[in-house]
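To keep things simple, chains are lettered A, B, C and D as they appear, and every chain counts its residues starting from 1.
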């Protein structure tokens, strides 16, 4: 069985393992204040071209989302999100567990628009009973989205501008950041993302690391006491250097960007194979997740040798499924899959 | 200006004031264990025809909803509600503030169906990633709904049966209970509601009292330590007898039911007046809230002498508005309104 | 049985009832924006000699404490309180339910000192692991305290100064405010309390009202969106005018202060009677709560005709008990009690 | 600088690294349902001699404590803990952030007694106002404690019996479990701990792993839906097998126990060295943490070459400090330290 079911099926890139081994018996302070974490912070600030940034390392995405969001909102505020957003679907109510509503807006492709944000804001404040309603307090977007789509520079600039005007901090979940940055047609860079968002994170778990997300905070108001929030939400790793080491390995020489390309290359091979068979897609994704709409017979056939995820029913005969590639997807396996797609 | 904007514009029924005055200098224990509360509990259990019920008195609806829901759900569970439900719209995220999501299901008229509940449940448990999603833990319905509609006996029996099968406690918000029980075409009674719901409340604030909601718990599992929950959520009134006295006055001789009729009678006068003018309604309400769809010109005209609530835009020229009547709506005022409707 | 067990055994002052009756059929807006609430706000601001204050009316003390504290603290902060403080003892963890620790400091008499606050603050910030500990975020004091003691002007000025220097908002729970202001030896006034605290409340429930606490906010930073907090915590009364009417009656002509005197007068009668018998007190209280230390035999004897509260065991033969008087305590009843004390 | 400041200064045992490397390119399912996790579960159940146990792997201690405690308590309940307990001191209010109070009882040495638990329980339920107070809902103990002390079998049996009688689930924080099991004089074993506690965890972070705590649940009532809790609290590691692999390496051949001995051996060398100098200890610890009371001059001297933690002031001239050893403490370093202690 060859797994395309997720982008976290394997361990870590060899460079990370090497550095972990090499530094294993070093004695360092705990909790993320060691020199590996410092190095990684400097590398990331360098790639973002902004020395004033605060960088924190957390183990996973749900933890990162919860910690950031709960640190920003006032008790009576909620976070605006696409209805497809990870915080709205796949975090077992972690945001609500910190006392806040996810204010979900409908999205066909996983993205929010600047207009949607403004309308949600206006609709709150124009309502005579707004004190009886959850006040929008910030905006959460994913890039790439859970549907594989990405924001264009223009789209992000528009959202960012609306957020700034409305004083709604903009938070980008970048669990798959590398795959967005390396996607065909992408016109966003880390410095731009850093400039346009108040806070975002660069995902390691799905892009070469064993685990780890690097939270980057630009907005001065959001920096204060952030480490208290990390500790309280259970995200302060005792051997914090393990996170530093991994991001050191990923960012000292641009490895993060390099290995992200493999996911795109292999995803495009899969996309093209389905396209050539005339098979439609649920979303138009230029990134590592592909959502072809297959007949149940096709699904059954491919399931013999490959694991992939059921995504959504489409009609009586067809369902959308998800194929994921990653930094380490084996091209030989993909070629085999392509052959089997051709045979469908 | 004659107010039809809400059903809580005036104070309380004279019988309540009389009893408050009469008992004012009595010395009693605090926190709802006095003999007035005991009397009121006995009256209510009598009307529900079930001696095994637990009855608690809280000051208001948001408090009642929050206290009941937070007492039932496990941390990772949410409460199923119509998207129109008060807890989903008009409680400033009070449920989320206790750590729980409101799982909102679309409703055109304010009601949930048994099928919707079952589908939401199945869709959760059939999802391979259900541990990553908020688990449905109970069901919240309003009766009458926020849109003035009511459940038929058959509808409530169906929902109740599904809830029992799925082990989802069923909670009915009865803030306007009296207006449901007295509505034309209603075929539900308190004993039936008590039998079909695990917990519900009988609203006093909108039906003759200064304030107060009587929570009735039938399900044995939900009774334990409920008073701790009341205290923690800020709902334990020091002079608890004030609640007891009010429900004593409302339920010793059936006053609650009697005065509810006035709201229905006057609402039907308003409904008929609009109908006769060929004016449509947003919802088909047999209770004290009426939602005619008026032109902006009609709205402007009526606003000269009457206050009512803007509800929702319908098209470029028309909006739905809400007229509320109550236990104390003055028939003379309604006749005047009817005349002015006729003139539109 | 004559009740001295609490200061909320009876209903309300006749002036309040009169005004409730007189205004009962008025139609007003809900939720505290009616003209009675406006009047009451103006009266209170007048007595505090500060037009810039925000005044909000809530139903009860636990609600007021929870709403204020949760509106001020960041998620990782706690509230400093005497270990005897109401929020630390008698609110079923309502503060913790909003996510915050009560940082309790030992107090022999119910009061905190400026030094204690500074030491708690320093001990936090001087600890190398402070990010792993709850950060002190504000200070809660009661005046009078739960033990009947009161702060002197000098003591409050000292605490206030420390709080200002350390940027810890100071919150005073004034559930029994009237009895502090009218106590023998008190040198604090409402304008001074208003100037020295960031936020405080004037208790109605225990001083002549059916229920109600008037929250007064001086600190500009704490004013924003406070009504959202009230609504979310279940404290926004639909018929908000009921609170306005009560505080109108209490503050239009100084009734609040006048009726508070009765509690002090009768408490002093009881205190003197015990003193004359050579009976000691657990706390030296100049207010309406008295804590004599009685033998079990004395307790048994007095319990025949009077209800009072067991407070704390003292030694094998003696326990401290609490006698409460109030705005409406009947002097004849107190004279009878005094006689029976004399006979002990 | 040789570090004795904590027991998490280095990386992981070589066997763990080897297994991580060896399995790095395996493709597995995420979230802890892979065969490595299954193997580790089986090994641990074997060592506990109980096939009915549920075993879950979490990344860190604060996360483990929060997830377990929040999964057990009802909203109005708190967790009994020694005042020295990690949850009461060093978790930035993580328990309170889930809505619950830590009910702290004074401890001189870090341990609770059965009597203390019973007294806290009785004092709650005997109080007439208990509904106004946080109800004790479970008991948290650490073994070894934060002060290095351990429970004897008799002590744990007594606490366990009281907890069972009072229906208070007993939860043991075993972040340093290995060092307790291998301590001189210890008479507790994993099967006994498993039998006497309702839930406990076996710490990996401080005993040979990169990170990871293995939660073991015996009480059937606490097992249901535990994975929802893990996910909600941010503790469900995407590449869950990383936890499985580590506990596999630690428990397939008893490595966990073997390497724990090194911490004890080296700690006893340090203890004996201080003892021979006539230096007292703050606690009598048979485990890997030693708390000698040193003069400020002695502290200064040793600080030249060794890092250790300031623990508590004792008198004007002396402070208690903490020296930690671990599974990987280098005996040569300890011999050097011993020499320098001799020279003091």
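Assume a residue touches a chain if its C-beta (ideal position, glycine included) is under 8 Å from a C-beta of that chain, and two chains touch if they have at least 3 such contacts.
Everything quoted here is computed from the prediction, not taken from an experiment.
Peer 1: Tell me the fewest steps from subunit A to subunit C, where a step is a jump to a chain it touches.
Peer 2: 1
Peer 1: Tally the contacting C-beta pairs at the B-D interface and at the B-C interface, and name the larger one.
Peer 2: Greater number of contacting C-beta pairs: B-C.
Peer 1: Nearest whole angstrom, what separates the Cα centre of subunit B from the Cα centre of subunit C?
Peer 2: Distance between chain centres: 34 Å.
Peer 1: On a C-alpha centroid basis, what's the spacing between subunit C and subunit D, in Å?
Peer 2: Centres of subunit C and subunit D (C-alpha means) sit 42 Å apart.
Peer 1: Any idea how many Å lie between the Cα centroids of subunit B and subunit D?
Peer 2: 50
Peer 1: Residues of subunit C touching 2+ other chains?
Peer 2: Those would be 75-76, 91-93, 97-99, 131-132, 135, 228, 231-232, 236.
Peer 1: How about subunit A: which of its residues touch subunit B in the complex?
Peer 2: Interface residues on the subunit A side: 75-76, 78, 89-93, 96-102, 128-129, 131-135, 309-310.
Peer 1: For subunit B, which residues are in contact with subunit C within the complex?
Peer 2: Listed in rising order, the residues of subunit B that touch subunit C are 2-3, 5-6, 8-12, 14, 17, 20-21, 23-30, 59-63, 66-67, 91-94, 97-98, 205-206, 210-211, 228, 231-239, 242, 328.
Peer 1: Provide the residue numbers of subunit B that touch subunit D in the complex, in ascending order.
Peer 2: 31, 70-71, 74-76, 98-99, 131-132, 135, 225, 227-229, 231-232, 236
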